[in-house]
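The following blocks contain the structures, represented as structure tokens.
Paired with chain B in one complex and with chain C in the other, chain A is shared by the two complexes that follow.
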Partner chain A sequence: MELTGYGIRADLPSGWEGTIALDRDPDSIELVGIGASLQPVAHLASFALPSDRGDFGSGAVDVMSRDDVFVALVEFAPEEAGAALFAQEGLPRRLDPRAFSERSLQRGLPGQAGLQVFFHEAGRAFCLYVVLGDADDAHRLVRDVEQVLATLTIEARR
Partner chain B sequence: MTTTSLRPRDRRRTAVGLAQRAVERLARRSDEREQRRDAARPRISRRSLLVRSAVVGSVLTIAPLRWATRPATAYSEICGQGWRCSQGWTAFCCTINDGANTCPPGSYVAGWWKIDRSPYCQGAPRYIIDCNRSPGASCRCRCADEGTCDQRRVCCNNFRYGQCNTQIPGVTEVVCRVVLCTTPWSWDPACGRTLRTDNRTTTHNAPCLPGRNATAIDLTYQELGLTGSVLGAPDGPERSGPRGGTWRRYERGVITWQQATGAVVLTGAVGRRYGALEGPSGPLGYPRAELPDERGRRFERGGIYRSGSAAIEVLGPTDQRYHELGGPTGVLGVPTEATTPVGDGRGSRTRFAEGAVFASGRGAFVVAGVHLTRYDALGGPVDSGLGYPLADVAELGGDLGQRQRFETGSLYLGGAVSIEVLGAADVRYDALGGPGGVLGGPIQPTVAVGGEGTDAPAGTVTRFVAGTIYASRSGAYELSGRALERYEALGGPLDSGLGFPLGAADPDQEAVQRFAQGLLVEVDGEVVVLRRRIARRYLDVGGLNGPWGTPTGDQARTDGAGPDALEQAAFTEVDAFASRSTGVRVLDDPIRGAYRDAGGPDGELGRPTADSFTNRSGAYRGTFQHGAIEVHPTTGQVRVLRPRPTRSPSELTSRG
Partner chain C sequence: MSVVVAVLVVVVVLLSVLVAGLLRSHGAILRRLDELGTGLEVDPGAPIGSRVVPRTDGSVPSPPSDVPDGRPAVDLAGHGPRGESVVVRVVEVPHDTLLVFLSTGCGTCAGFWDEIAATREQVPDHTRVVVVTRGSEEESPSAVAELAPTDVPVLMSSAAFEQLQVPGSPYVVQVDGPSGRVVGEGTAGSFAQVIALFLRSDGDARHAAGGKARADERRERHLDRILLEAGIGPGHPSLYGPDSEAGDAAGDGPTDGLGEGPDDSPADGGVSAPSDRGTDAEVGR
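Presenting the complex of A and B:
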């Protein structure tokens, strides 16, 4: 399944689902009126995503099984692309399973492991956040994630 | 049967009591379930149980019925979902940072997310700010103090939202979370504006944070950092203020709220003083809209200004005047004593580094320098005799000095000295042109003479360069020149026998000055005294312009000092005599001359009993106690008539 939006494209394997979306909540629209920056968020998961999710997957990671993975590609305001936090260039398509940690999670849930990478690509600033359902099976689950990352492309914003 | 009626308060207490028991039962069951489910977790300590009881109490005040009927823990009602450490979320900073809603030392603001339409922000977005461990700092992954329901994790989740301080690379553990109801980028400019949202955390809260019923003041205090703010800890509950507003006092300041202005924070010495003065419920009212500066703050009915380490209030019209004069950087400098009522209840006094302002219903005016020194020495508004000022000091131009008007007098600058001119004397002085007029400047202040405890009439004396004003119940009048010298030489109002002046020098008869008991008449450079009846009669017949002419010497007492003493005065055209028994009698020529020749009052004829006159036959005639004098109109022959011992006065016969 091909997923496209906001200059981001991904091909998802069978059984995966995902979204690339902007926050359309009225509160957010109102905040944009006073200077907030609205940037897209891509959620890619090997399981059925609940509709009520936080940008970094809260609500989704609660319901994922040990065999599942969750990927969030979270964009920041483009002026951040040059900041030290986003100094790494390019979306990492190969991930080291050893870099995943049970403590690298927004919310520490038993058995899960996470990895967070800030980078810039095509003049855009991103954070890649990956959650594995089973920290003990990181090698297998990381391969699943890499399979999706290999299809992920980021274009410069027009 | 006995029935008991409950007052509303009792009913409420009973309802809470029932609800409390129900909740405690439910909470106990719930806790038992939790205990069974989490058997591996450590047992709850006695302290923790006590804290839980306290939280249940808090819940009961929020939603007792909901809690009486719903099986859930009191902890999740206060702290929301995921309050347990094992549930993976990070604790709020106020839980672990002595109540401060700020990033603790060793952490920095690393990112944030929002929660839409939050009940904790009166329906507006709520923002959760992550405080991450600073690079180089250390912290230990742990659970927050179990003495609260916010038992979430501390320094465990190695995660970064990423909108703030992006100059710091890398990801470190989230130490704790700060809560705001205002945008993070307005709270900390180091935060970017990229929106991130997580409405799954809507219920997250802690006992140290405002609850769902948070007021604007609660939220403002939260934004400032709660106990970690410049305000310090609350010093009492939020209170109602005038006109529907509210306010709350803290250790180091006050927050006020009104519909029109929103919340206003007052900190430091000014804030503490405002709190001590009962905030908007006190004499100052609410803060004004204009921004404060480091020197002070203005309110609806006054201001509070910094003076060294103190903060001093200036109230009412005095503050308006102070503001017009430039406030702390103006001519008055900083206040040194707060506005205080004056003893008479009609006004107030406020002291500043360079003067004072006295306010009354007539306005607020500055008294400064030597005038203030004098005004204070005299006793200020109540005891000085001046009352309250009516104007600021005025420069009179040239070398005339200054004048400051008060309700019942003025202060004048004479040389380097402030001199008071009081009451009617000042009114008269003003009418005469003040220091620029005929009297020149004052050289001695107004002093009271006579009156109570003396035989003399009450009045005042005020001396000027070129004269003196004597004031009494009859008015205030000036004397100058020789008349003044003579009057003073005679003893002035108390000892001259003339009393106080009744008028100024007669404009038609510039040389005549009237007094309560006489006249001073200036004749050829000499000042002559006329007293009482002769003086009155002289004025009645026209004074200097009348038939008597001018006096040729002081009125004299010629016949003893008893009650029937004779007063005598000589004029160019007549001699005047006055006594109680004979009244005022006037003799003109030729009778005057003949009477003098006959020895006058000391002669055989005694005192005159009538004015001299011309009879039917044209002869001049004067009658006296012991005889008469007739002068033939053409021959000038003088006849002194003596009464026969046994005859009536009509049978008088000629003697010579």
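Presenting the complex of A and C:
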């Protein structure tokens, strides 16, 4: 099923659901008052996403099972696209299961493993954040994530 | 001339033998393939390696017996009240989904909006509540955002109303997640009534499926506790008749510990089950 919004498009496989919304973080909303703009955040998951969750999945990763995966695509201000942090070009379609670590989790939960990749594409700066429900089954779960990443497209913002 | 005829007869006989042999070997190959589960008429959806009898009578595959009797539901896509794009899965998921179709304008719906957040704890754990309104072309997103509970997903999609044939609002559709079938639908004066009906039908369904109603489960736990307090656990001889195989087996083999101890004797006082009901032992499961 297709999920489209804010120049991001994904074709979700069976059992997956997702949202693409503007960043609802209170700090970001506060910055709007001084001229900043809200950036989109895409959440894709192989489980039912709870409504109340943070940009990096807090509130969602707590309820995922060991068989599940969570993917967040968090956009940063476009002027960041040229920064060294976002030097990697293009959304990574293949992920190395060995690169996942418990230390990469925004919210450390037993058994889970995470990975953060910063990149730029179409003049936009992003962080791809992936959480696996079971660090010991990383190879299988990463394949599930890659299946979704293969369908993700990012267009330039107008 | 006769020589030619004789030669032709011999050729015809040889060819007939050859064709018969080919047909026989072809039949043997087909039988062997069929035994391996890869026959020409095998149902392509059948598990690999399973023994499938080819359908030769023109019949069609019948659905699995464990699929609830209901029309198929669909996954839903639309927007949230804050403009977000949303895809909600209700088909082929481990949990059930209670889709609550509401509008911002109808009087009865007003109570639903207020009650959904307040009564969510009464919804069974394996059920997810999702509010669905018509799309932004018919509903005001800001009005929906104002009414929407913070911890319940809200989807704005007129297509969802059409796809699930929703006659109006308020209306509730219950979808069985694993099968993706609609197993209940209707409307009520309040969300609390919906939950009450839903819980009752859930209990009925579990009862019909061989499960136990809540009252039966409570009664069973109570009886189990009494028996365990009396030192009677699974396999206790007093639960079986003198000629029962189960009782013999339990007496001969090691116990699981529940029946061990000083009271583990049929001669002991306490509670004992009548021998004619001994095979219905439910203790300590």
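By definition in this document, the second predicted complex is superposed on the first by the 149 of 158 C-alpha atoms of A that agree within 3 Å, B and C clash if a C-alpha of one lies under 4 Å from a C-alpha of the other, contacts with A are read in each partner's own complex, and residues count from 1 in each chain.
Going forward, a contact is a pair of C-beta atoms (placed from the backbone, for glycine too) under 8 Å apart; a residue touches a chain by one contact, two chains touch by 3 or more.
From a predicted model like this one, the values you see are computed outputs, not experimental measurements.
Placing chain B and chain C on a common chain A by superposition gives a fit, with no clash between them.
Touch counts on chain A: comparing chain C and chain B, the chain ahead is B. Legend: residue contacts after superposition of the two complexes on their common chain; A:39 is shown touching chain B, with no touch to chain C. Touch criterion not met for A:155: it reaches neither chain B nor chain C.
In the superposition on chain A, A:137 makes contact with neither chain B nor chain C.
Within the superposed three-chain model, A:21 lies in touch with chain C and out of touch with chain B [touch as defined at top]. The superposition of the two structures on chain A yields an angle of 130 degrees at the Cα centre of chain A, opening toward chain B and chain C, reported in steps of 10. Touch criterion met: A:105 reaches chain B, while chain C stays clear of it. Using the contact criterion defined above for the overlaid structures, shared-chain residue A:74 touches chain B, although it does not reach chain C.
By the touch criterion stated above, A:52 is placed in contact with chain B and with chain C alike. Superposing the two structures on chain A brings chain B to within 11 Å of chain C, judged by their nearest Cα atoms. Chain A residues 52 lie at the interface with chain B in one structure and with chain C in the other. By the touch rule above, chain A contacts chain C in their complex via residues 1-6, 12, 14-22, 24, 48-52. Listing the residues of chain C that touch chain A in their complex gives 75, 77, 80, 82-89, 91-93, 95, 128, 150-154. Within the complex formed with chain B, the chain A residues making contact are 23, 25-28, 31-32, 34-39, 52-56, 58-59, 74-77, 80, 83-87, 101, 103-110, 114, 116, 118, 127. Of all residues in chain B, only 82, 86-89, 113-114, 116-117, 124-125, 141, 153, 156-163, 166-171, 173, 183, 185, 192-201 touch chain A in the complex they form.
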